[in-house]
Every structure is written in structure tokens, then in C-alpha cells.
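Read from first to last, the chains carry the letters A, B and C; within each, the first residue is number 1.
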Amino acid sequence: MSSPRVVLEGSRAHRLWQGAGLLLAALVVLALPLLAGDFRIGQFSLVIAYAVAVLGLNLVTGFSGQISLGHGAFFGLGAYTTAILVTDHGWAWAATVPVAALLGLALGFVVGVPALRLHGLYLAVITLAVGVAFPVVVSQPVGLSLGTGGVAGKTVRIAWDKPAWFGLDVSDRGWMFLVMAAVAGGLFWIATGLVRSRVGRSMVALRDNGTAAAISGVWPAEVKTVAFAVSALYGSVGGSLYLLTTPIISPTTVGFTITLLFITAMVLGGAATVSGAWLGGLAMVFLPYYTAEWAARIPLLSDLTDQPGLFANVLYGVILIVFIYFVPGGVVPLLTRLRCRFLVIVPPEAAAAAGLPSSGSDTTPGAPDGGLAGPTPAIGGPVSPAGEPDPSHGPGHPAPIRS
Amino acid sequence: MSPNIDNPAYLLTLLTGGLTNGVLYALVALAIVLVYKTTSHINLAQGEMATLGAFCVFELTRHGVNVWLAIAIALVLSFFFGAGLERGLIRPLERRGVFPVILATLALFLIINAGVAIIWGTQPVAPPRPFPSGIDDKIDLIGGAPPFFITHVSLGVLAVLVVLLLGLWLLLEKTKLGLGYRAVAANREAAEVMGIPVGRMYMFGWGIAAALGTLAAALVAETAGALDFNSMGVILIFGLAAATLGGIDSVPGAAVGGLALGLVMAVVPGLFTVIEGDLSLVIALLVVLVVLLVRPQGLFGTKTLERV
Amino acid sequence: MAEPLLQLSGVHAAYGDVEVLRGVDLEVGEGEVVVLLGANGAGKTTTLRAICGMVGTRGSVRLGGTELTGKPTEWVVRRGISHVPQGRGVFGVLSVEENLRVGAWNRTDAKGIEADIERWYTVFPRLAERRTQLAGGMSGGEQQMLAVARGLMARPRLLLLDEPSLGLAQIITRELFAQLEAINREESVAMLIVEQNAELALSFAHRGYVLESGSIVLSGSADAVRGNEDMRRAYLGY
């Protein structure tokens, strides 16, 4: 059994690994519209839209530990903003995104303000009310007067031609997919930076120990409100992206159910991870798709209802319970553990503590007379050296969700 | 021209309608409070469990069971369903804090909501009606235009609340089980060292809450004349608002909060003619916000929602 | 030799990773009053909690020969142990009389319960005056009396008292201990008392133990414990 490689965080070797990973991701994204048909491309476009929204939920619930039960409302806000501006006012889609983002930020801030004084279940109750009220409001006369289209929903036609300068042989839908991927890539990059920043670290501190964080100079109220606002921004932009994949937005789309699906997706990927949002997005698109397919093939099930999507909802509920009980950290920490068999990334502080040379090129574990406490993960042994967060998958500990 | 709010008959009609709705909110609020008092958790699937119970009543009556008997059977089934969920699904998560429990109730929400829709379809069904609900089943009090009358449904629903509150009071104040329940609610650890089986009191709370929810859903179906898999979604919000208003750990508070919320939501739109459509959810949301910012323990409560 | 009423041997207890008890050996005989002394954080309260199964333990806790370790609290309580928790733990929103009835939770003899309620009202007349009042509205001393009376309502073989004098005025503490002494004499209820007021506790206990960092460092008759040099310096201050 060969021992895993150990690299120092921020070292050249680490950056090379990161670069290789990003390059691989970029190649996969570019390859998809070249190889897949428009239907598949559409599905993966939807994955992108959902992943961005789920990432927003990760930021507020996963990293700062506050329950948000109104994420569907933020998603809906972005979708309706884009729909109304494009259909009624002839805006270009790209021009609506900043507006949606700002409106999301504003609504998130308003919802997050009670967080200044209230916490815990109160916040859950308030966000729940916002989430349930949103689809009702857009279907009421108030919403109609703003152009929401009421109960029937709002149809939107957004069609792009692939620009002539773009060399790759992809369809128009493929081009849209690439644009969405670029937008999402930027948003994920920002989120990664955010959770590694001072604010991000204070969010985690706040989640793990409110009192200690308050003493050490983190202002919980501000941090919480910022977390809410940023989370809402991501949800809102996710809604705008959604309209590139689906030509209609209606109250049923942005009901409480989608909030529940976002939450399930977040838990599934890993609440305190950035990359978990991608897995969540994949689940949100492909789980209902394949569930419906399977249900249609099983006679007993297909006779039960004409709405196979309902089976997926039951399945989501079951998955949520299974994850709460058995995989509370989500899938990403499991993948990280798997990767640690081959490659271990050590933050400089932990390495220094363990007596590793700080110059930071490749090292083999156990070299300094085996005195390394952490970085020799046996199979099924410690997840990451010295229990330090693994930066390549967001800074959160791969810890179970907690209050 | 529609009648104005300063017309006494019209105002009284608004108020009775508000009270009738308020009873439903009060029942859901009671269910939330009974779970919260001992466990400090909020069961977000309370409404969906109630819908399931109401569909049980519907199913039983479809097979020829008398509607009152059907309700009684559904209440008993709901009690055991609720108690079983507490023991089997929620209790093992108890030590891991409030977030996993919230997630588990959300999972229940998804499963029951979709499950009901799969079994009974997504279209509304005509529910069994325990109270006479014909066009003439009313008591005329003020003649003329507009008239003021109280329907038998309203009377029946109010009577249910009164009987229920009385029963609940007897159960909690006059029985040993109720004493144990209140002891656990007052001080969980001390109750444990007195030898009270704390877990069974949690189950008792969940069970009673589930039964109350079923009763509420059966009455919602009665007053609305229709029942579907989403019937209780919005009612849960009103119930939460009512519980917050009354005080999340107060049984009388839940009743008063529910009735007060029903009245406010009936009268406020009448005062502001600019408000069009049904924005009662927004009103409920505002009520919650104002209560939480002004008096977080609610009107009658002692505890505040501090967990998480 | 007959087995003592309560016997702890090699009891370890931990909250998460923090081990609080490191092998405690302790005995309480039938009808005996034993005091457990020690500095803050020595593990006195944890010892009582370990007896009641309220903390994860290793080792053996036996009551009259029955193993208690690993059993749920309600089961332990049914075997005849009453725990008067630190800070009294009365049910503030329940009336005085309801508190007493909760204490008799595991009893089924309705007549006996009524008789006992009246009996403790006689012993603690101030509780009788306030029988319908909410316990939360009473003074600290009254709440402590209620907590003791509530503990006795279970007719325990062994009463565990955790810092009964905490927060009480000197005179009320003396009154309380006088009552405890009388109860022990008349009812022959065994008592294990955790107490900061070592002087007072030793004056009425038969034997004493001193706990330090989770282990027993000194034990013996009350007089012997009181006479010990280190003990006097550390806890009695003379």
C-alpha cells in the first residue's frame, strides 16, 4: 500500500494540484456541449442554476448555522425580476442579473435584520413565513399589478445565437450553457474567497460557538445579516439563471417545496462545503428525472398517480432522513476522505506544528522520524491531518450539521 | 357599493368569520405549543400530519363510516402516529441539537405532502361535513341588507374549541399524566430525577398535538368545503403566528392568539380598502414580526424561542 | 457482613472527553448519613448524577445488591433513590402541592400519598401556608424545603442531597439540617449529602468522604474526618 502524498497548503505543489483540478473541470464543461444533445445540455444548465441557489443556502445555513426556510422566495424574486424585465420591458437577460442580485441582497437584508435581535427558531418561523407568503403574494392582485402573471405564471422567451467569434462547434443552447457555467464559476470563486476571508471565518466561528465569537470581536448581528443578504443574492441570481433553462416561472415553482428541495440538496452535498452545492444541484435535476422514469416502468407505481414528480419528493424526504442519520456531513467530506488516501493537503500552521519543513515542496509523510502526529492517514483512519479543514473543499470542518 | 365596515351587521359578519377561522388557527397553535412545551422543538410537519389525518376521515366516511366516528378513529390513529414519530424519528436526534430535528420534520413534510397527493390525488376532494352546512343552516340575528347571521358551522366550530379547551384543561390539570407532562415542561431534568418517564411525556405531547392537528384539518375541510394535499400549508403559518402571538409555551395563549389572529385578519383588510386580494399571510407575518420585536415571549408565554 | 445500602466501586464518569470521576469507591449503610466533601469541580455533583444514571459511567453502582449502572434514571428512582438536585430544581410553574405530588410519581397508594403530604406540611409549616401558590414565587429557603419534602414524598431508602444549603441564610440552613436530622432519626432514611458547609454537615453526618479531582482521598467517621489536619486546613479553615 503506497502512502498518500502530502502537500502544504499554498505551496507550489498545492497550486499545481489545484490548477490541474480546475483545468479538468473546465475541460468537462467545454466537452459537454460538444458531445451531448440539447436535452442533456438543458439538464446540466438547470444543474447550474440550482447549484448557485443551493450555494446561497450553504452560505447562510451551512456556514453561519442559521436556519433559512425562505430560500425559495429569494430564488423566485430573481426569477420574477428577470422575467418581468425581459418580457415587459425588453431588457437583455444579462442586464437583469445585477438588478436581481441587488433586489435579492435587499430582501435578504430585510429578512436578516430580525436576526439582529432574534435567533434560533424565531428566524426559522420568520423565514418560513416569507417563503410561504412569496408565492401567494405573486399570485395576488398586488403581484399581478407588477406583472407576475398571477397564478398562471409568467412566460419568458430568452433565445441567444452563438456569437460568430466563438470557435467551438456548439449549439445555441450549448453556448447558453457555457455562459451560465462562466457566471456560476465566478460566483463559486467569490463564495470560496468569501468563506476563507475574515467574514467567512467569523461565520464559522459564530456557528460553532456564538459566545466565543462574540468575545473575540466578531459581531454576530452584522455577520448574520451579511450572511443572509449574500445568501439571498445567490438565491436570486440562481432564479435568474433558471429562466435561461425554463421559459416560464409560476407560483408553484417557487413554493415551499422548492425550499425543501434546496435544503435537501444542501444536506446531501454537505452543508458546510462550497463544492457540495454542485452535488445538490445534480441531485435536484437528475433525481426527479430518473425517479419518474423508474416509476413509469413499475406498473403498481405508475397507476397510482399521473404526477411522477411526487415520487421524487417522497424520495427527497427519505434521502434527507437517511443523511441526517447516517451522513450528517454530506457527500463532499466523504469524497475528501477518499482523496486523502492519495493526496493530503496540510495547512502551513499544522505542518509547522508537526515539524514539517515550511519551504513547502512535496514531502512524504512520516519522513521526519515518523513524529508526524496527523498526516499519515491509514485506510479508514483520520480524515485529514490534525483534523484541519481541507481548503480545497471549502474551509468548513467536515463536521456534522449542528446548531 | 359594498357594505362599509361601520355597518354593524357587516362588521359582525366579519368578526364571526374571523372567530371561526381563529378557532382553526388556535387548534394548530395548540398543537405547536404542546410539542414545544416539553421538547423545545417546532414540528414543521404538523400541518401535513393534520392533512393526512383529515384524509383518513375522508377515506373512512367514503366507506360508510359515520363522520363523527370517523373523526374519533382518525384522532386515535393520529395520536399513535404522532407518538410513534417522536419515539422513532425525532428522539434519536434529540442529543444532536435542534437543527437535525428541524430537518427531520422538513423531511416528514415532504414525504407526507407528496404521499397524500399520490394516494388521494392532487385535486381537491369534497370532505365529509360533520355540521349541517346547507344554505339555511344558520341563525338569523339582524335582518335587512346586509343581514347578520351565524351559520351552524361557525357555531359548531366554536363549540369544538370550547369543548376541546375544557378537555385539555382537565387532562393537563387534573390527571397524573397531565401533572407529569407539566413537570417535564417546567423542568426537564428535575422531572427526570423524580422518576417521571420524560420520553413518554414527549410522546404524549406529540400524540396530543397530532390529534389536535387532525381535528383542525377536519374542521378546515368543513369550513372551506374542500380538502387537498396542500390544505394545511398556509394554516400552519397562521398557527405558528398564533402560537408566537400567544406565547410559544402557553396553552391559553395559543387559544387566545389564534382567535385574536383570526379577528385581526378579518377586520384589517376591511379597514384598508386599498388592500386587494388575500394578503392575510402578509398580515400574519407582520403580527409575528411585531410580537417578536416588542414582546418575544408573546402575550402569555414565559419562555422565548432561544434554541439554536 | 451484609451488603451496604449503596455501594460505589471504581466508578468513572465523563462528560464527553472530560473525565470527572476517576475510580470512586463509596458506601452508604442503611439509615446512615454520609457527607461528601470536596472543592468545586472535584466531582461531587457528578457522583450523585452517576448514582442516578444521569451521566455516562463505568464501574459499579449497587443499591441493596442491585446493579444500577447503565439503567435509565426513572428505573433507578423506582429502586428507592430520591435526588434533591443542586439549585433545588422545584417546578416553578407548578403549585407547592403539585410539586409534592410529582415527588410521589412512582407511588400508587393514594391514601398514603395524602397522608405524607399532610405529614410534610406539619414538618414544614411554611409549605402548608403556601400549598396552592406557585413554587417559583417562594423564597430560596422555602424552595429548598419543598425540594427536600418532594424528595421524601417518594419514600426513598436513600436521599441524595446536592448542596442543600446553597444560597440559604445561615439560620435557614440550620433549621433545614435540624429537620433532616429528625427525619433521619425517625424514618431511618439514609442520606448522602454533598455540602460546602463542611462543619455543619459533619456535625450531623455519621461518616464523611473527601473527593479530590475525581477520587476519594479521605474517608472515615465524621469525627475522624473533622479531626484530619489537611481536611481542617482545606475545608474548615482552622
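Here, contacts are C-beta pairs under 8 Å (C-beta built on N, C-alpha and C of every residue); 3 or more make two chains touch, one makes a residue touch a chain.
Small disclaimer: the values here were computed from a predicted structure and weren't measured.
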item: Most central chain, judged by mean C-alpha position against the global CA mean; value: B
item: Most widely separated chain from subunit C, with each centre as the mean of CA atoms; value: A
item: Top-ranked pair of chains - ranking by C-beta pairs in contact; value: A-B
item: Centre distance in Å when subunit A and subunit C are each reduced to the mean of their C-alpha atoms; value: 54
item: Subunit B-subunit C separation of Cα centroids, rounded to whole Å; value: 43
item: Distance between chain centroids, defined by C-alpha means - subunit A, subunit B (Å); value: 35
item: Junction residues of subunit C, two or more chains touched; value: none
item: Subunit B partner contacts - residues on subunit A that touch it in the complex; value: 65-67, 69, 114, 117-126, 128-130, 132-133, 136-137, 140-142, 256-257, 260, 263-264, 267, 304-305, 307, 310-311, 313-314, 316-318, 320-321, 324-325, 328, 400-403
item: Complex contacts: residues of subunit C adjacent to subunit B; value: 52, 54, 73-74, 77-78, 82-83, 85, 89-94, 98, 101-103, 105-106, 150, 154
item: Partner subunit C, residues of subunit B touching it in the complex; value: 176, 179-180, 182-183, 185-187, 189-198, 302
item: Interfacial residue positions of subunit B with respect to subunit A in the complex; value: 42, 44, 89, 92-93, 96-100, 102-104, 106-111, 113-115, 117-119, 121-122, 233-234, 237, 240-241, 244, 276-279, 281-282, 284-285, 288-289, 292-293, 296, 305-308
